[in-house]
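Presented below are the structures under discussion, each in the form of structure tokens.
Two complexes, one shared chain (subunit A), two partners (subunit B, subunit C).
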Partner chain A sequence: MNPLIEMKNISLRFGGNQALSDVSINLYPGEVVGLLGHNGAGKSTLIKVLSGAYKSDSGQIFVEGSEVKINNPQDSQRHGIETIYQSLALADNLDAVANVFLGREKINGVVLDEDTMEIEARKVLDRLRVKIPSLRVPVSNMSGGQRQTVAIARAVYFKAKVLIMDEPTAALGPEETQKVGELIKALKAEGVGIFLISHDLHDVADLSDRLTVMKNGRVVGTVNTKDVSEDEVLGMIIAGTTPKHLANK
Partner chain B sequence: MQNVQTNQAPAVRRSLLQNLGIDAQLLTMLAAIVMVWIGFQIWSEGLFLSPRNLWFLAVQSAVVGIMVGGMVLIIVARQIDLAAGSILGFTAMVMAVFQAPPPNGLGLHWIIALIAGILVAILIGSINGSVSAYVGVPAFVVTLAGMMIFRNLTFSLSNVTITPLNETFQILGGGNNGSIGPLWTWVFGLAIAVLILWQTLAGRLRRQKNGFAVRPMWAEALVTGLTLLIVLGFVLVMNAYPVPGTDPPVGSGIPIPVLIALAVLGFLNWMTRNTRFGRYIFAIGGNPEAALLAGINVKRTMLFIFMLMGFLTAIAAAVQAARLNGATPTVGRDLELTVIAGAVIGGTVLSGGAGTILGAGLGALLMSSLENGLGLVGVATEQQKIVIGIVLLLAVIWNTVSARWRKG
Partner chain C sequence: MTQPASIQPKKSFLERLPSLSILGPVVALVFMTAFFGFSTTTFFTSRNLSQILQQVMIVGVIGIGQTLVILTAGIDLSCGVVMAFGSIVMTKFAVEYGVPPILAIFAGIAATTLFGFINGILITRVKLPPFIVTLGMLNIATALTLIYSKSQTISGVPDALLFFGNTLKFGETQITYGVILMLALFTLTWFILSETAPGRHLYAVGNQPEAARLTGIPTDRVILVVYTVAGLIYGIAAWLLVSRYTVGNPNAGQTENLESITAVVLGGTSLFGGRGMIFGTLLGAIIIGVLASGFIQMGIPSTYQLLITGALVILAVATDQFTKRKS
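Moving on, here comes the complex of A and B:
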């Protein structure tokens, strides 16, 4: 089976800073890959290359086996890649409906088709089993969990094959974190491939099938979650070396 | 848990304002205008609310009214336009020089002069927009430079008043023959009333069909009824002011500049609520990075906003020049500040992301009402500005504090 996503030998330089050097990573359908590393390890940069926010200097990206060029966010979305950013890429002053459809509004001629968008947004949020009382208030009035759900709804509505989640639970309380965890499992069961990015092992360990650790813009190693102990992963994150017997592609 | 509670008791939690479905800020604006009007009515011993004064108030509000909507969009997108007054001056001068008879001007057809002015202003807007958006210079600096450049280009074009202008062109200013007359005013009022009723009914039926919440019937009737009353009052007042020198008196009707301002504000209001362009302006103001990541062309949108502002400035310049029957090199000086103040009083937040066209239109009306009323009771110009400055400050304090309350 072809991987859903394969990034090969990605390098990217910002001025004098080698942000990514020769990074390769892949993701299979229905799989959750945790991307770990300290702040500045290159996790977010790598993900921004995949989501079209940055353009790599060299390297290749394959989606379901065929090479693609991703020059901007639209290219990425067209290939079924949806990203949920750490900063929660929501426009706080707009309501949930507007945020779910931001950049891809349904229109009737030149006029926004608000009714259809509201119905569709309601449907997708129901599917995610999350109660949001009013879809027509600014998302700034919502709780962290509700906002995260709006961001996820956005990805789900547009039939993401690949979901990138940057620190999805960093701003959430325990109850809401659990809820997002359930959402991730549900999406995984539907065959969506998910990259979970975090600097904290505990955020991702329970949900991930595999873990890829990065340090200083390079991949330290990729391991099956069930084969490693917490200490071994921490060792990879801190020391930047993989125990040889665990190395796994 | 929080959600469950809200779902259980939605009816109890709805306040009166929520039932009415009106923005609290808009209601405050309306209340403020009513209070100011009543105050001036008493102070001026019945002069302020006469048809004559209200008719002139409408004409005086037109120039700022035409521009204020554009300024709202610019501020919502986290930009500013300090050059608007200078661009208005320059554009008015271009229009005057093009049409005034030689040796003062070129004596060209007034339509050519109007189009030339519009093109010049859109071009200037596109320069402001592209330097801000694509080069990345803050709009504050770009338009501060523009403010100096275009004011002094106006002086370079002519340091004396260029006059007279074409008589047909002068209609844009609302002077002689510059109103549409009682019959067309009624037609306009009725058309607006039908539009409001149709929109309300169609919207309500559509929302019910889709199973969305609708206002209670009494609230819908109250809001629509009040809106229709305002339209009726406007028509009656505009028709009650007679054309000077007519005997028996013939009503003036809506002045052309006021009609233009209403059309501009109506269009912008519709655009911000119903089009992608409008939605994107607010998205950019709310979270520029989110807008970018959502695939919105942020830079192009900003360019278009400044070009739109240029266009509106040119229309306002035409009205202003037509009213004055000429262009002076100082016309429009400090006007950008009045426009910004109108937008801010109307609830536009300077940090971006929030503002309404309707609110800004009322803000412009409030500013003009103060200027008109203070003039009417004989307060000197310098003291007028002090009062207006204080009102601006109070409005912003009110907006800030009430926003904090709403957040809880």
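Moving on, here comes the complex of A and C:
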């Protein structure tokens, strides 16, 4: 079986800073791959290459076995990749409904179909069980958790093949975080492939099939979650070396 | 405990934006109108009111283009002289080259649209700041207008170019076609901005360009279209200009460069981009016109009008800063 996504030998420099060196990673349908690493390891940069936010200097991207060029976020969306950004990427002055559908509005003739968009937005948001009293206030007036939920709802609504989640629960409380966990399991069961980035090792370990650890823009190693202990993963993150017997692709 | 809230009654886009920005200009206008109405006997005549509308027509129409530009967090310093260039092209084509009037008008509008397009290309492709690009274009368009017209006024303009100077009479009140066109353009722009997807993208791009880009909005294309459409609107303003003054005047448009920005700011649109309403600009333009007219009726030198307008601009921007910080 071809992987859903394969990124091969991706490198990217920001001025004098080699943010990614020769990074390769892949993702199969119905699989969750957790991306781990210290601050500045290059996790967000890597997934931003896949989401079209950045263009890599070199390397290849394959979607379901065929090579694709991802030059901008639209290209990525066209290949069925949806992204929840660490920065959330919300337009603060617009309300929750407008943000969920931003760039892909439902229209009725030429006019925005506000009612349909609100009903649909409400449906996805309800699935996440976050209390948002009004979807019609600017998201700048919302709490961090509510904003995060809007960003998740946007990515989930469009029925992606691949979902990228960069710190999706950073602003959420335990109950909401658990709902996001359930959502991930449900999407996984539907065959969606998910890249999950989180600082919470427990969360990632619970939800991921494989773990890829990064350090200084390089992949330290990729391991099957069930083969490793938490201490061994911490060792990979901190020391940047994979114990020989665990190395796996 | 969390539970899904029920669907809220639909609110229009207008209700969803901060109201202080539109309340300010409305209150200012009501106050001024009342003041001038009580202080003079001539202010509240239909003749005077339609005169005011005619006087704000040019700034109003240019202000539409300026509002679109400012909503993207840009600025256009060249709008007035680009309009002047368009009016010279129109009149010269019609009068000196004997081109059919409709084609001459078309050529003038094409010229201003091209200016807007070039501004847009320099801003989105070459990544130059709008302030610098349009400052350069202000000088270029001024020079080209004077060179092309040889600094001569062009008269003997055919009727088609004067079309918008015709008036409709409602009893005592006369309204020029130009004023009606201005109101129609404001309404059309309102519709696009608040009821269509491109309008929403414009707000998103002005508000948070990077977020808009990440959601898949082609931000550069939005900005390019905005500057180009603004150029087209200055071309329409050029036609109104010729209609109003019946000549092609190479020295026209110089006050409108900044006055249009004044109208936009007085109307509550944020210079930071992404926040504002098109009808605010109409109010802003009318405020300028009411001040000018009222001061003339009261026999106060126009210098004082400048003084008050300046103070109002600062007040409007301060209000905007406050609103921004609060949110």
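Here, the second predicted complex is superposed on the first by the 224 of 249 C-alpha atoms of A that agree within 3 Å, B and C clash if a C-alpha of one lies under 4 Å from a C-alpha of the other, contacts with A are read in each partner's own complex, and residues count from 1 in each chain.
As a working rule, a contact is a pair of C-beta atoms (placed from the backbone, for glycine too) under 8 Å apart; a residue touches a chain by one contact, two chains touch by 3 or more.
What you are looking at is a predicted structure, and each value in this text was computed from that prediction instead of being measured.
A.B. asks: Report for A:Thr83: first if it touches subunit B alone, second if subunit C alone, otherwise both or neither.
C.D. replies: Both partners, subunit B and subunit C.
A.B. asks: Go through the superposed model and pick first if A:Lys69 touches only subunit B, second if only subunit C, both, or neither.
C.D. replies: In the superposition, A:Lys69 touches no partner, neither subunit B nor subunit C.
A.B. asks: Tell me which partner A:Lys185 touches in the superposition: subunit B (first), subunit C (second), both or neither.
C.D. replies: Touch partners of A:Lys185: none, neither subunit B nor subunit C.
A.B. asks: Just subunit B (first), just subunit C (second), both, or neither: which does A:Ala53 touch?
C.D. replies: A:Ala53: touches subunit B and subunit C.
A.B. asks: Answer with first, second, both or neither: which of subunit B and subunit C does A:Ser143 touch in the superposed model?
C.D. replies: Touch partner of A:Ser143: subunit B, not subunit C.
A.B. asks: Identify which of subunit B and subunit C touches the larger number of residues of subunit A.
C.D. replies: After superposition, C is the partner touching more of subunit A.
A.B. asks: Is A:Lys159 contacted by the first partner subunit B, the second partner subunit C, both or neither?
C.D. replies: Neither subunit B nor subunit C is touched by A:Lys159.
A.B. asks: For A:Ala91, decide between first (touching subunit B), second (touching subunit C), both and neither.
C.D. replies: It touches subunit B and subunit C both.
A.B. asks: Show me the subunit A residues, by the header's touch rule, that subunit B contacts in one structure and subunit C contacts in the other.
C.D. replies: 51, 53, 72-74, 77, 83, 85, 87-94, 98, 102-105, 107, 110-112, 115, 118-119, 131-133
A.B. asks: Under the definition above, what is the set of subunit A residues touching subunit B in their complex?
C.D. replies: 51, 53, 72-74, 77, 83, 85, 87-94, 98, 102-105, 107, 110-112, 115, 118-119, 131-133, 143, 146
A.B. asks: Using the touch rule from the top, collect the residues of subunit B that touch subunit A in their complex.
C.D. replies: On the subunit B side, the touching residues are 2-4, 6-7, 10, 206-207, 210, 212, 274-276, 279, 282-283, 285-287, 289-296, 353-354.
A.B. asks: Please give the residue numbers of subunit A that touch subunit C in the complex, ascending.
C.D. replies: 51, 53, 72-74, 77, 83, 85, 87-95, 98, 102-105, 107, 110-112, 114-115, 118-119, 122, 125-126, 129-138, 140-141, 154, 175
A.B. asks: Within their complex, state which residues of subunit C touch subunit A.
C.D. replies: Against subunit A, subunit C makes touches at 2-5, 7-8, 10-11, 16-17, 195-197, 200-201, 203-204, 207-208, 210-218, 274-275, 327.
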